[in-house]
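Shared chain: chain A. Partners: chain B in the first complex, chain C in the second.
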Partner chain A sequence: MNEQILRPPKKHGVFSPVLIELTIVILFFALSTSIVVRLIASASAISNESGFHARALLAMETVAEQIKADPAASGAADECGVRSFSVPVADDLTVNCVVTGAEKHAQGVYYTIELSVPDGDGGSYTLQAAKYVPGGEAMP
Partner chain B sequence: MSNAQGSAEHRGSVRGVFIFALLAAFALLSLIVVVVGARAYKVINDTADASYASRTSMSYLIGKVRGADEAGMIAVLQQDGMYVLSLGGDYGGERYNTYIYCKDGAIYEYFASANQAFSPDFGEAILTASSLSFRLEQNLLLVDLVDGDGEAHTASLCLAAGGEAGA
Partner chain C sequence: MKQYPSRLGVGASSILLIIVVLTLTLFGVLAFIQARSDAALTDRTALSAEAFYDADARAQQVVALVDDALAGGVLPDSVEGVLPQGEGAYAFSIVSFDGHALNVSLDVAGGICRITSYRYESAAEWVGESESTLWQGD
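Here is the complex of A and B:
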(Lines of atoms letter the chains of each structure in order from A and count residues from 1; the text may use other names and numbers.)
(Lines give C-alpha, C1' and ligand atoms only; values in the text may rest on other atoms or scores of the structure.)
Protein backbone atom coordinates (compact mmCIF):
# COMPACT_ATOMS: atom_id res chain seq x y z
CA MET A 1 0.00 0.00 0.00
CA ASN A 2 2.83 2.31 0.94
CA GLU A 3 4.66 1.46 -2.25
CA GLN A 4 1.56 2.31 -4.13
CA ILE A 5 1.34 5.69 -2.44
CA LEU A 6 5.00 6.52 -2.98
CA ARG A 7 5.00 5.54 -6.59
CA PRO A 8 4.37 8.61 -8.71
CA PRO A 9 0.98 8.43 -10.33
CA LYS A 10 1.13 7.13 -13.89
CA LYS A 11 0.06 10.08 -15.96
CA HIS A 12 -1.61 9.51 -19.25
CA GLY A 13 -0.55 12.23 -21.65
CA VAL A 14 -3.32 14.62 -22.52
CA PHE A 15 -2.29 14.40 -26.20
CA SER A 16 -1.67 10.81 -27.05
CA PRO A 17 0.36 10.17 -30.24
CA VAL A 18 -2.54 8.32 -31.85
CA LEU A 19 -4.90 11.21 -31.24
CA ILE A 20 -2.40 13.74 -32.58
CA GLU A 21 -1.84 11.61 -35.68
CA LEU A 22 -5.57 11.28 -36.24
CA THR A 23 -6.07 15.00 -35.76
CA ILE A 24 -3.38 15.77 -38.33
CA VAL A 25 -4.87 13.29 -40.79
CA ILE A 26 -8.36 14.68 -40.32
CA LEU A 27 -7.11 18.25 -40.66
CA PHE A 28 -5.38 17.29 -43.90
CA PHE A 29 -8.49 15.62 -45.24
CA ALA A 30 -10.64 18.54 -44.10
CA LEU A 31 -8.37 20.90 -46.00
CA SER A 32 -8.57 18.67 -49.09
CA THR A 33 -12.34 18.50 -48.73
CA SER A 34 -12.66 22.27 -48.49
CA ILE A 35 -10.66 22.62 -51.70
CA VAL A 36 -12.81 19.97 -53.42
CA VAL A 37 -16.00 21.70 -52.27
CA ARG A 38 -14.75 25.02 -53.62
CA LEU A 39 -13.88 23.34 -56.91
CA ILE A 40 -17.33 21.77 -57.12
CA ALA A 41 -19.03 25.08 -56.36
CA SER A 42 -16.85 26.87 -58.89
CA ALA A 43 -17.52 24.22 -61.57
CA SER A 44 -21.24 24.42 -60.91
CA ALA A 45 -21.22 28.24 -61.17
CA ILE A 46 -19.22 28.13 -64.41
CA SER A 47 -21.59 25.51 -65.81
CA ASN A 48 -24.64 27.61 -64.93
CA GLU A 49 -23.02 30.66 -66.47
CA SER A 50 -22.14 28.69 -69.59
CA GLY A 51 -25.71 27.42 -69.93
CA PHE A 52 -27.12 30.90 -69.51
CA HIS A 53 -24.58 32.25 -71.99
CA ALA A 54 -25.62 29.67 -74.60
CA ARG A 55 -29.29 30.50 -74.10
CA ALA A 56 -28.62 34.25 -74.18
CA LEU A 57 -26.59 33.94 -77.37
CA LEU A 58 -29.26 31.88 -79.12
CA ALA A 59 -31.94 34.35 -77.99
CA MET A 60 -29.91 37.34 -79.17
CA GLU A 61 -29.24 35.69 -82.54
CA THR A 62 -32.94 34.96 -82.95
CA VAL A 63 -33.98 38.51 -82.04
CA ALA A 64 -31.28 39.94 -84.33
CA GLU A 65 -32.65 37.90 -87.23
CA GLN A 66 -36.19 39.03 -86.47
CA ILE A 67 -35.07 42.66 -86.44
CA LYS A 68 -33.14 42.16 -89.69
CA ALA A 69 -36.32 40.90 -91.31
CA ASP A 70 -38.03 44.23 -90.56
CA PRO A 71 -35.49 46.76 -89.28
CA ALA A 72 -37.68 49.82 -89.75
CA ALA A 73 -40.66 48.21 -87.97
CA SER A 74 -43.15 50.59 -89.62
CA GLY A 75 -41.33 53.69 -88.42
CA ALA A 76 -41.52 52.92 -84.73
CA ALA A 77 -38.36 54.90 -83.99
CA ASP A 78 -38.07 58.11 -82.00
CA GLU A 79 -37.06 61.53 -83.39
CA CYS A 80 -33.37 60.56 -83.22
CA GLY A 81 -33.95 57.53 -85.42
CA VAL A 82 -33.43 55.12 -82.54
CA ARG A 83 -35.78 52.31 -81.69
CA SER A 84 -35.35 50.83 -78.23
CA PHE A 85 -37.33 47.92 -76.88
CA SER A 86 -37.09 44.69 -74.87
CA VAL A 87 -38.01 41.18 -75.89
CA PRO A 88 -38.77 38.80 -73.01
CA VAL A 89 -37.63 35.33 -74.04
CA ALA A 90 -37.90 33.49 -70.72
CA ASP A 91 -38.52 34.33 -67.06
CA ASP A 92 -34.84 34.96 -66.47
CA LEU A 93 -33.91 36.11 -69.95
CA THR A 94 -34.81 39.40 -71.60
CA VAL A 95 -33.12 40.78 -74.69
CA ASN A 96 -32.74 44.57 -74.75
CA CYS A 97 -32.55 45.95 -78.27
CA VAL A 98 -31.44 49.28 -79.69
CA VAL A 99 -31.88 49.73 -83.43
CA THR A 100 -30.34 52.78 -85.01
CA GLY A 101 -30.99 53.73 -88.61
CA ALA A 102 -28.63 56.10 -90.37
CA GLU A 103 -28.20 57.17 -93.95
CA LYS A 104 -24.60 56.16 -94.24
CA HIS A 105 -25.01 55.25 -97.85
CA ALA A 106 -26.71 57.28 -100.50
CA GLN A 107 -28.96 54.55 -101.81
CA GLY A 108 -30.04 52.82 -98.69
CA VAL A 109 -30.27 52.71 -94.94
CA TYR A 110 -27.68 51.13 -92.70
CA TYR A 111 -29.22 49.84 -89.51
CA THR A 112 -27.12 49.12 -86.46
CA ILE A 113 -28.59 46.57 -84.07
CA GLU A 114 -27.26 46.42 -80.53
CA LEU A 115 -28.53 43.63 -78.33
CA SER A 116 -27.78 42.94 -74.70
CA VAL A 117 -28.88 40.45 -72.08
CA PRO A 118 -28.28 41.25 -68.40
CA ASP A 119 -26.67 38.28 -66.68
CA GLY A 120 -28.11 39.07 -63.25
CA ASP A 121 -24.74 39.84 -61.68
CA GLY A 122 -24.49 43.39 -62.94
CA GLY A 123 -22.85 42.38 -66.21
CA SER A 124 -24.37 41.74 -69.57
CA TYR A 125 -23.82 39.77 -72.74
CA THR A 126 -23.87 41.89 -75.86
CA LEU A 127 -24.21 41.21 -79.55
CA GLN A 128 -23.94 43.69 -82.40
CA ALA A 129 -25.41 43.22 -85.84
CA ALA A 130 -26.11 45.38 -88.85
CA LYS A 131 -28.48 45.35 -91.76
CA TYR A 132 -28.21 47.33 -94.94
CA VAL A 133 -31.49 47.92 -96.70
CA PRO A 134 -30.90 49.17 -100.23
CA GLY A 135 -33.35 51.81 -101.35
CA GLY A 136 -35.02 51.96 -97.97
CA GLU A 137 -36.10 55.09 -96.22
CA ALA A 138 -34.26 56.31 -93.18
CA MET A 139 -36.14 56.41 -89.94
CA PRO A 140 -37.18 59.95 -88.96
CA MET B 1 -6.01 0.39 -6.95
CA SER B 2 -9.11 -0.91 -8.62
CA ASN B 3 -10.60 2.58 -8.64
CA ALA B 4 -7.55 3.97 -10.46
CA GLN B 5 -7.62 1.13 -12.97
CA GLY B 6 -11.31 1.60 -13.53
CA SER B 7 -10.85 5.31 -14.04
CA ALA B 8 -8.07 4.71 -16.58
CA GLU B 9 -10.18 2.18 -18.45
CA HIS B 10 -13.10 4.55 -18.44
CA ARG B 11 -10.88 7.35 -19.77
CA GLY B 12 -9.55 5.00 -22.45
CA SER B 13 -13.00 3.99 -23.56
CA VAL B 14 -14.14 7.63 -23.66
CA ARG B 15 -11.14 8.44 -25.82
CA GLY B 16 -11.95 5.50 -28.10
CA VAL B 17 -15.52 6.63 -28.45
CA PHE B 18 -14.35 10.18 -29.15
CA ILE B 19 -11.96 9.01 -31.88
CA PHE B 20 -14.65 6.79 -33.37
CA ALA B 21 -17.15 9.67 -33.33
CA LEU B 22 -14.60 11.93 -34.98
CA LEU B 23 -13.90 9.42 -37.73
CA ALA B 24 -17.60 8.72 -38.18
CA ALA B 25 -18.33 12.43 -38.50
CA PHE B 26 -15.56 12.80 -41.00
CA ALA B 27 -16.76 9.79 -43.01
CA LEU B 28 -20.29 11.20 -43.02
CA LEU B 29 -19.10 14.61 -44.18
CA SER B 30 -16.95 12.98 -46.86
CA LEU B 31 -20.01 11.05 -48.05
CA ILE B 32 -22.00 14.29 -48.22
CA VAL B 33 -19.22 15.93 -50.22
CA VAL B 34 -19.16 13.01 -52.65
CA VAL B 35 -22.95 13.13 -53.07
CA VAL B 36 -22.89 16.90 -53.61
CA GLY B 37 -20.02 16.48 -56.07
CA ALA B 38 -21.87 13.77 -57.98
CA ARG B 39 -24.95 15.96 -58.15
CA ALA B 40 -22.92 18.94 -59.39
CA TYR B 41 -21.26 16.69 -61.96
CA LYS B 42 -24.69 15.56 -63.19
CA VAL B 43 -25.93 19.15 -63.43
CA ILE B 44 -22.79 20.17 -65.33
CA ASN B 45 -23.25 17.25 -67.73
CA ASP B 46 -26.92 18.09 -68.27
CA THR B 47 -26.06 21.73 -68.96
CA ALA B 48 -23.34 20.72 -71.40
CA ASP B 49 -25.73 18.31 -73.15
CA ALA B 50 -28.44 20.98 -73.40
CA SER B 51 -25.96 23.50 -74.77
CA TYR B 52 -24.67 20.91 -77.23
CA ALA B 53 -28.19 20.08 -78.39
CA SER B 54 -29.22 23.69 -78.89
CA ARG B 55 -25.97 25.06 -80.30
CA THR B 56 -25.01 22.12 -82.52
CA SER B 57 -28.43 21.46 -83.99
CA MET B 58 -29.20 25.11 -84.54
CA SER B 59 -25.75 25.81 -85.99
CA TYR B 60 -26.22 22.89 -88.36
CA LEU B 61 -29.64 24.09 -89.49
CA ILE B 62 -28.61 27.75 -89.77
CA GLY B 63 -25.47 26.83 -91.71
CA LYS B 64 -27.47 24.71 -94.13
CA VAL B 65 -30.06 27.44 -94.70
CA ARG B 66 -27.38 30.12 -95.16
CA GLY B 67 -25.69 27.94 -97.78
CA ALA B 68 -28.86 27.70 -99.81
CA ASP B 69 -30.16 31.23 -99.25
CA GLU B 70 -31.05 32.07 -102.82
CA ALA B 71 -34.27 32.94 -104.54
CA GLY B 72 -36.48 29.92 -105.07
CA MET B 73 -34.13 27.54 -103.29
CA ILE B 74 -35.74 27.31 -99.87
CA ALA B 75 -39.09 25.71 -99.28
CA VAL B 76 -41.00 24.21 -96.39
CA LEU B 77 -42.94 21.08 -97.26
CA GLN B 78 -45.30 18.97 -95.25
CA GLN B 79 -45.33 15.28 -95.86
CA ASP B 80 -47.06 12.64 -93.75
CA GLY B 81 -47.53 15.17 -90.97
CA MET B 82 -43.88 16.09 -90.74
CA TYR B 83 -42.21 19.32 -91.70
CA VAL B 84 -39.52 19.03 -94.36
CA LEU B 85 -37.12 21.83 -95.16
CA SER B 86 -36.05 21.68 -98.77
CA LEU B 87 -32.84 23.43 -99.70
CA GLY B 88 -32.03 23.58 -103.37
CA GLY B 89 -28.75 23.87 -105.17
CA ASP B 90 -27.45 23.65 -108.74
CA TYR B 91 -24.60 21.25 -109.33
CA GLY B 92 -23.32 20.66 -112.84
CA GLY B 93 -26.38 22.26 -114.35
CA GLU B 94 -28.72 19.95 -112.52
CA ARG B 95 -30.80 20.83 -109.52
CA TYR B 96 -30.46 18.85 -106.33
CA ASN B 97 -32.37 19.22 -103.08
CA THR B 98 -31.28 18.68 -99.52
CA TYR B 99 -34.22 17.65 -97.38
CA ILE B 100 -34.02 18.13 -93.63
CA TYR B 101 -36.67 16.58 -91.44
CA CYS B 102 -37.24 14.86 -88.11
CA LYS B 103 -38.21 11.23 -87.86
CA ASP B 104 -38.00 8.57 -85.16
CA GLY B 105 -36.27 10.87 -82.66
CA ALA B 106 -33.58 12.16 -84.99
CA ILE B 107 -32.97 14.90 -87.52
CA TYR B 108 -32.37 13.39 -90.94
CA GLU B 109 -30.79 14.79 -94.05
CA TYR B 110 -31.57 13.45 -97.49
CA PHE B 111 -29.75 14.70 -100.57
CA ALA B 112 -31.26 13.82 -103.93
CA SER B 113 -31.90 15.06 -107.40
CA ALA B 114 -34.89 17.37 -107.69
CA ASN B 115 -36.35 14.96 -110.22
CA GLN B 116 -36.41 12.22 -107.65
CA ALA B 117 -39.36 12.04 -105.27
CA PHE B 118 -38.65 12.72 -101.62
CA SER B 119 -38.55 9.60 -99.51
CA PRO B 120 -37.86 9.91 -95.77
CA ASP B 121 -36.57 6.34 -95.57
CA PHE B 122 -33.33 7.12 -97.39
CA GLY B 123 -32.17 9.97 -95.16
CA GLU B 124 -29.12 9.94 -92.96
CA ALA B 125 -29.49 10.60 -89.24
CA ILE B 126 -27.59 13.70 -88.15
CA LEU B 127 -28.69 14.66 -84.65
CA THR B 128 -31.01 13.51 -81.91
CA ALA B 129 -34.28 15.46 -81.63
CA SER B 130 -37.89 14.84 -80.65
CA SER B 131 -39.50 17.19 -83.11
CA LEU B 132 -38.60 19.78 -85.69
CA SER B 133 -40.87 22.23 -87.46
CA PHE B 134 -40.35 25.09 -89.87
CA ARG B 135 -42.41 28.11 -90.77
CA LEU B 136 -41.71 30.53 -93.55
CA GLU B 137 -43.12 34.01 -92.99
CA GLN B 138 -42.07 36.21 -95.90
CA ASN B 139 -38.31 36.53 -95.46
CA LEU B 140 -38.19 34.99 -91.99
CA LEU B 141 -37.68 31.28 -91.44
CA LEU B 142 -38.76 30.14 -87.97
CA VAL B 143 -37.30 26.92 -86.63
CA ASP B 144 -38.82 25.14 -83.62
CA LEU B 145 -36.76 22.28 -82.29
CA VAL B 146 -37.40 19.98 -79.34
CA ASP B 147 -34.24 18.13 -78.38
CA GLY B 148 -33.91 14.59 -77.08
CA ASP B 149 -34.46 15.73 -73.48
CA GLY B 150 -37.71 17.46 -74.38
CA GLU B 151 -36.34 20.99 -74.16
CA ALA B 152 -37.68 23.38 -76.78
CA HIS B 153 -35.43 25.70 -78.75
CA THR B 154 -36.52 28.37 -81.21
CA ALA B 155 -34.49 30.21 -83.80
CA SER B 156 -35.28 32.68 -86.54
CA LEU B 157 -33.44 33.27 -89.75
CA CYS B 158 -33.73 36.31 -91.94
CA LEU B 159 -33.37 35.08 -95.51
CA ALA B 160 -31.38 37.25 -97.87
CA ALA B 161 -33.55 35.91 -100.67
CA GLY B 162 -36.45 37.70 -99.00
CA GLY B 163 -39.93 36.76 -100.00
CA GLU B 164 -38.61 35.12 -103.12
CA ALA B 165 -38.04 31.87 -101.27
CA GLY B 166 -40.47 29.27 -102.41
CA ALA B 167 -42.91 28.34 -99.71
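Here is the complex of A and C:
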Protein backbone atom coordinates (compact mmCIF):
# COMPACT_ATOMS: atom_id res chain seq x y z
CA MET A 1 0.00 0.00 0.00
CA ASN A 2 2.80 2.43 0.98
CA GLU A 3 4.81 1.52 -2.12
CA GLN A 4 1.94 2.45 -4.37
CA ILE A 5 1.63 5.83 -2.72
CA LEU A 6 5.37 6.62 -3.04
CA ARG A 7 5.57 5.62 -6.71
CA PRO A 8 5.30 8.66 -8.99
CA PRO A 9 2.21 8.72 -11.14
CA LYS A 10 2.66 7.70 -14.77
CA LYS A 11 2.51 10.48 -17.28
CA HIS A 12 0.20 9.91 -20.18
CA GLY A 13 0.07 12.00 -23.38
CA VAL A 14 3.34 13.87 -22.86
CA PHE A 15 5.86 13.72 -25.78
CA SER A 16 9.56 13.71 -25.31
CA PRO A 17 11.30 16.83 -26.76
CA VAL A 18 13.77 14.63 -28.57
CA LEU A 19 10.94 12.71 -30.21
CA ILE A 20 9.26 15.93 -31.35
CA GLU A 21 12.55 17.21 -32.75
CA LEU A 22 13.21 13.97 -34.60
CA THR A 23 9.75 14.11 -36.14
CA ILE A 24 10.32 17.66 -37.37
CA VAL A 25 13.81 16.73 -38.60
CA ILE A 26 12.52 13.77 -40.58
CA LEU A 27 9.75 15.83 -42.18
CA PHE A 28 12.12 18.62 -43.11
CA PHE A 29 14.67 16.14 -44.45
CA ALA A 30 12.04 14.51 -46.65
CA LEU A 31 10.95 17.89 -47.97
CA SER A 32 14.45 19.15 -48.71
CA THR A 33 15.51 15.83 -50.23
CA SER A 34 12.60 15.89 -52.66
CA ILE A 35 13.71 19.34 -53.84
CA VAL A 36 17.38 18.36 -54.14
CA VAL A 37 16.54 15.15 -55.99
CA ARG A 38 14.49 17.17 -58.47
CA LEU A 39 17.48 19.49 -58.94
CA ILE A 40 19.85 16.60 -59.57
CA ALA A 41 17.38 14.92 -61.95
CA SER A 42 17.03 18.16 -63.88
CA ALA A 43 20.81 18.49 -64.08
CA SER A 44 21.06 14.93 -65.33
CA ALA A 45 18.44 15.55 -68.03
CA ILE A 46 20.20 18.71 -69.22
CA SER A 47 23.55 16.91 -69.24
CA ASN A 48 22.17 13.98 -71.24
CA GLU A 49 20.52 16.31 -73.75
CA SER A 50 23.63 18.42 -74.27
CA GLY A 51 25.77 15.29 -74.56
CA PHE A 52 23.51 13.91 -77.28
CA HIS A 53 23.50 17.31 -79.02
CA ALA A 54 27.31 17.36 -79.02
CA ARG A 55 27.49 13.82 -80.42
CA ALA A 56 24.87 14.64 -83.06
CA LEU A 57 26.75 17.76 -84.09
CA LEU A 58 30.04 15.88 -84.41
CA ALA A 59 28.36 13.12 -86.42
CA MET A 60 26.68 15.64 -88.75
CA GLU A 61 29.98 17.46 -89.35
CA THR A 62 31.73 14.18 -90.11
CA VAL A 63 29.01 13.06 -92.52
CA ALA A 64 28.91 16.52 -94.14
CA GLU A 65 32.63 16.40 -94.90
CA GLN A 66 32.31 12.85 -96.25
CA ILE A 67 29.49 13.94 -98.56
CA LYS A 68 31.38 17.06 -99.66
CA ALA A 69 34.22 14.81 -100.78
CA ASP A 70 31.89 13.16 -103.31
CA PRO A 71 28.47 14.81 -103.42
CA ALA A 72 27.36 13.12 -106.63
CA ALA A 73 28.26 9.64 -105.33
CA SER A 74 28.48 8.15 -108.80
CA GLY A 75 25.00 9.28 -109.79
CA ALA A 76 23.09 7.54 -107.00
CA ALA A 77 20.28 10.11 -107.11
CA ASP A 78 16.64 9.60 -107.96
CA GLU A 79 14.72 11.08 -110.92
CA CYS A 80 14.35 14.42 -109.15
CA GLY A 81 18.08 14.77 -108.65
CA VAL A 82 17.81 14.14 -104.93
CA ARG A 83 19.86 11.60 -103.03
CA SER A 84 18.37 10.68 -99.67
CA PHE A 85 19.92 8.23 -97.27
CA SER A 86 20.67 7.59 -93.60
CA VAL A 87 23.99 7.00 -91.92
CA PRO A 88 23.81 5.07 -88.64
CA VAL A 89 26.54 6.37 -86.37
CA ALA A 90 25.54 4.68 -83.12
CA ASP A 91 22.63 2.67 -81.74
CA ASP A 92 20.79 5.83 -80.73
CA LEU A 93 22.15 8.18 -83.38
CA THR A 94 21.38 8.18 -87.10
CA VAL A 95 22.16 11.02 -89.49
CA ASN A 96 19.56 11.55 -92.19
CA CYS A 97 21.01 13.11 -95.33
CA VAL A 98 19.44 14.78 -98.34
CA VAL A 99 21.80 15.81 -101.13
CA THR A 100 20.39 17.90 -103.95
CA GLY A 101 22.12 18.98 -107.12
CA ALA A 102 20.22 22.22 -106.87
CA GLU A 103 21.97 24.48 -109.34
CA LYS A 104 23.71 23.55 -112.54
CA HIS A 105 26.31 26.09 -113.53
CA ALA A 106 28.23 26.49 -116.74
CA GLN A 107 31.22 24.50 -115.50
CA GLY A 108 29.93 22.59 -112.53
CA VAL A 109 27.16 21.75 -110.12
CA TYR A 110 26.27 23.37 -106.79
CA TYR A 111 25.06 20.74 -104.33
CA THR A 112 23.11 21.46 -101.18
CA ILE A 113 23.44 19.04 -98.28
CA GLU A 114 20.82 18.89 -95.56
CA LEU A 115 21.57 16.79 -92.51
CA SER A 116 19.34 16.05 -89.55
CA VAL A 117 19.47 13.92 -86.44
CA PRO A 118 16.19 13.16 -84.62
CA ASP A 119 16.53 13.91 -80.93
CA GLY A 120 13.96 11.34 -79.80
CA ASP A 121 11.47 13.93 -78.54
CA GLY A 122 9.95 14.74 -81.91
CA GLY A 123 12.49 17.43 -82.73
CA SER A 124 15.75 17.23 -84.60
CA TYR A 125 19.15 18.83 -84.84
CA THR A 126 19.95 20.09 -88.33
CA LEU A 127 22.96 21.26 -90.29
CA GLN A 128 23.07 22.61 -93.82
CA ALA A 129 26.13 22.59 -96.04
CA ALA A 130 26.90 23.10 -99.71
CA LYS A 131 29.55 22.12 -102.20
CA TYR A 132 30.36 23.34 -105.67
CA VAL A 133 31.94 20.70 -107.88
CA PRO A 134 33.60 22.22 -110.94
CA GLY A 135 33.24 20.07 -114.00
CA GLY A 136 30.89 17.74 -112.16
CA GLU A 137 27.98 16.19 -113.93
CA ALA A 138 24.57 17.26 -112.78
CA MET A 139 22.26 14.78 -111.15
CA PRO A 140 19.52 13.60 -113.51
CA MET B 1 21.97 -4.37 -17.66
CA LYS B 2 23.23 -0.90 -17.06
CA GLN B 3 21.95 1.79 -19.40
CA TYR B 4 24.17 4.71 -20.18
CA PRO B 5 22.49 8.04 -20.68
CA SER B 6 22.62 9.38 -24.24
CA ARG B 7 25.07 12.21 -24.71
CA LEU B 8 23.05 13.58 -27.63
CA GLY B 9 20.69 16.12 -26.30
CA VAL B 10 17.98 18.14 -27.96
CA GLY B 11 19.34 19.87 -31.10
CA ALA B 12 21.98 17.35 -32.11
CA SER B 13 19.80 15.79 -34.78
CA SER B 14 18.91 19.27 -36.09
CA ILE B 15 22.56 20.18 -36.48
CA LEU B 16 23.23 16.91 -38.27
CA LEU B 17 20.27 17.52 -40.55
CA ILE B 18 21.43 21.03 -41.40
CA ILE B 19 24.88 19.72 -42.37
CA VAL B 20 23.41 16.92 -44.51
CA VAL B 21 20.89 19.19 -46.25
CA LEU B 22 23.49 21.87 -46.93
CA THR B 23 25.84 19.25 -48.42
CA LEU B 24 23.10 17.78 -50.59
CA THR B 25 22.03 21.23 -51.76
CA LEU B 26 25.62 22.18 -52.55
CA PHE B 27 26.19 19.07 -54.66
CA GLY B 28 22.83 19.50 -56.37
CA VAL B 29 23.49 23.13 -57.27
CA LEU B 30 27.00 22.32 -58.48
CA ALA B 31 25.66 19.52 -60.69
CA PHE B 32 23.00 21.82 -62.10
CA ILE B 33 25.47 24.64 -62.81
CA GLN B 34 27.86 22.20 -64.49
CA ALA B 35 25.07 20.78 -66.65
CA ARG B 36 23.92 24.26 -67.67
CA SER B 37 27.49 25.24 -68.49
CA ASP B 38 27.96 22.12 -70.64
CA ALA B 39 24.68 22.82 -72.45
CA ALA B 40 25.70 26.44 -73.12
CA LEU B 41 29.07 25.28 -74.47
CA THR B 42 27.35 22.77 -76.76
CA ASP B 43 24.98 25.47 -78.01
CA ARG B 44 27.93 27.77 -78.76
CA THR B 45 29.68 24.94 -80.60
CA ALA B 46 26.56 24.26 -82.66
CA LEU B 47 26.21 27.95 -83.48
CA SER B 48 29.86 28.11 -84.50
CA ALA B 49 29.50 25.06 -86.76
CA GLU B 50 26.36 26.53 -88.30
CA ALA B 51 28.18 29.82 -88.94
CA PHE B 52 31.07 28.03 -90.61
CA TYR B 53 28.89 25.93 -92.90
CA ASP B 54 26.80 28.99 -93.78
CA ALA B 55 29.95 30.92 -94.75
CA ASP B 56 31.26 27.84 -96.56
CA ALA B 57 28.05 27.54 -98.59
CA ARG B 58 28.20 31.22 -99.57
CA ALA B 59 31.86 30.88 -100.53
CA GLN B 60 31.06 27.87 -102.70
CA GLN B 61 28.33 29.95 -104.33
CA VAL B 62 30.84 32.71 -105.13
CA VAL B 63 33.27 30.16 -106.57
CA ALA B 64 30.46 28.87 -108.78
CA LEU B 65 29.73 32.42 -109.96
CA VAL B 66 33.42 33.01 -110.70
CA ASP B 67 33.42 29.79 -112.71
CA ASP B 68 30.36 31.03 -114.59
CA ALA B 69 32.07 34.34 -115.28
CA LEU B 70 35.15 32.57 -116.62
CA ALA B 71 32.99 30.38 -118.84
CA GLY B 72 31.26 33.47 -120.18
CA GLY B 73 34.54 35.22 -120.90
CA VAL B 74 33.99 37.79 -118.15
CA LEU B 75 36.60 38.80 -115.62
CA PRO B 76 36.05 37.25 -112.15
CA ASP B 77 36.07 40.66 -110.45
CA SER B 78 32.67 41.26 -112.02
CA VAL B 79 31.32 39.00 -109.27
CA GLU B 80 30.44 41.02 -106.20
CA GLY B 81 33.10 40.85 -103.50
CA VAL B 82 35.83 39.31 -105.67
CA LEU B 83 38.96 41.43 -105.81
CA PRO B 84 42.02 41.03 -108.06
CA GLN B 85 45.23 40.16 -106.21
CA GLY B 86 47.68 39.99 -109.07
CA GLU B 87 48.00 38.31 -112.40
CA GLY B 88 45.40 35.55 -112.54
CA ALA B 89 44.84 35.72 -108.78
CA TYR B 90 41.66 36.82 -107.09
CA ALA B 91 40.40 36.78 -103.55
CA PHE B 92 37.21 37.31 -101.65
CA SER B 93 36.09 37.20 -98.05
CA ILE B 94 32.87 35.89 -96.56
CA VAL B 95 31.96 37.21 -93.13
CA SER B 96 30.09 34.77 -90.92
CA PHE B 97 27.58 35.81 -88.28
CA ASP B 98 29.75 34.73 -85.35
CA GLY B 99 32.62 37.13 -86.02
CA HIS B 100 34.76 34.97 -88.29
CA ALA B 101 35.67 35.44 -91.92
CA LEU B 102 36.31 32.87 -94.61
CA ASN B 103 39.14 34.21 -96.76
CA VAL B 104 39.40 32.52 -100.14
CA SER B 105 42.10 32.96 -102.77
CA LEU B 106 41.54 31.86 -106.35
CA ASP B 107 43.78 31.15 -109.28
CA VAL B 108 41.98 31.52 -112.59
CA ALA B 109 44.87 30.85 -114.92
CA GLY B 110 43.81 28.83 -117.92
CA GLY B 111 40.15 29.73 -117.59
CA ILE B 112 39.65 27.31 -114.69
CA CYS B 113 38.88 28.46 -111.18
CA ARG B 114 41.22 26.81 -108.69
CA ILE B 115 41.11 27.46 -104.97
CA THR B 116 44.60 28.18 -103.63
CA SER B 117 43.68 29.26 -100.11
CA TYR B 118 40.62 28.60 -97.96
CA ARG B 119 41.10 30.02 -94.49
CA TYR B 120 38.47 30.44 -91.78
CA GLU B 121 39.84 33.10 -89.46
CA SER B 122 38.73 35.41 -86.72
CA ALA B 123 37.64 38.73 -88.17
CA ALA B 124 38.42 40.60 -84.97
CA GLU B 125 41.54 42.68 -85.02
CA TRP B 126 44.33 41.20 -82.94
CA VAL B 127 45.53 43.51 -80.23
CA GLY B 128 48.91 42.70 -78.73
CA GLU B 129 49.82 43.37 -75.15
CA SER B 130 52.06 46.28 -74.35
CA GLU B 131 55.76 45.60 -74.13
CA SER B 132 55.91 46.80 -70.56
CA THR B 133 54.43 43.53 -69.34
CA LEU B 134 57.21 41.48 -70.89
CA TRP B 135 60.74 41.03 -69.62
CA GLN B 136 63.00 42.97 -71.95
CA GLY B 137 66.27 41.56 -70.70
CA ASP B 138 68.96 43.20 -68.63
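As a convention for this text, the second predicted complex is superposed on the first by the 109 of 140 C-alpha atoms of A that agree within 3 Å, B and C clash if a C-alpha of one lies under 4 Å from a C-alpha of the other, contacts with A are read in each partner's own complex, and residues count from 1 in each chain.
The criterion applied here is as follows: contacts are C-beta pairs under 8 Å (C-beta built on N, C-alpha and C of every residue); 3 or more make two chains touch, one makes a residue touch a chain.
Model, not experiment: these values are computed from the prediction.
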item	value
Which superposed partner A:E65 touches (first chain B, second chain C, both, neither)	first
Contacts of A:S84 with chain B and chain C, given as first, second, both or neither	neither
Partner chain in contact with A:L127 - chain B first, chain C second, else both or neither	second
Partner chain(s) touched by A:F28 [first = chain B, second = chain C, both, neither]	second
Touching partner for A:A54 - first (chain B), second (chain C), both, neither	both
Touched chain A residues, chain B compared with chain C	C
Partner chain in contact with A:L19 - chain B first, chain C second, else both or neither	first
Set of chain A residues, in rising order, touched by both chain B and chain C	18, 22, 29, 33, 36, 40, 43-44, 47, 50-51, 54, 61, 131
Complex contact set, residues of chain A against chain B	4, 9, 12, 16, 18-19, 22, 26, 29-30, 33, 36-37, 40-41, 43-44, 47-48, 50-51, 54-55, 58, 61-63, 65-66, 68-69, 131
Chain A partner contacts - residues on chain B that touch it in the complex	1, 4, 8, 11, 15, 19, 22-23, 26, 29-30, 33, 36-37, 40, 43-44, 47-48, 50-51, 54-55, 58, 138-140, 153-158
Contact footprint of chain A on chain C as seen in their complex	9-11, 13-14, 17, 20-21, 24-25, 27-29, 31-32, 34-36, 38-39, 41-43, 45-46, 49-50, 53-54, 56-57, 60-61, 63-65, 67-68, 70-72, 112-113
Residue ranges of chain A in contact with chain C within the complex	17-18, 21-22, 25, 28-29, 32-33, 36, 39-40, 42-44, 46-47, 49-51, 53-54, 57, 61, 64, 103, 105-108, 110, 112, 125, 127-132, 134
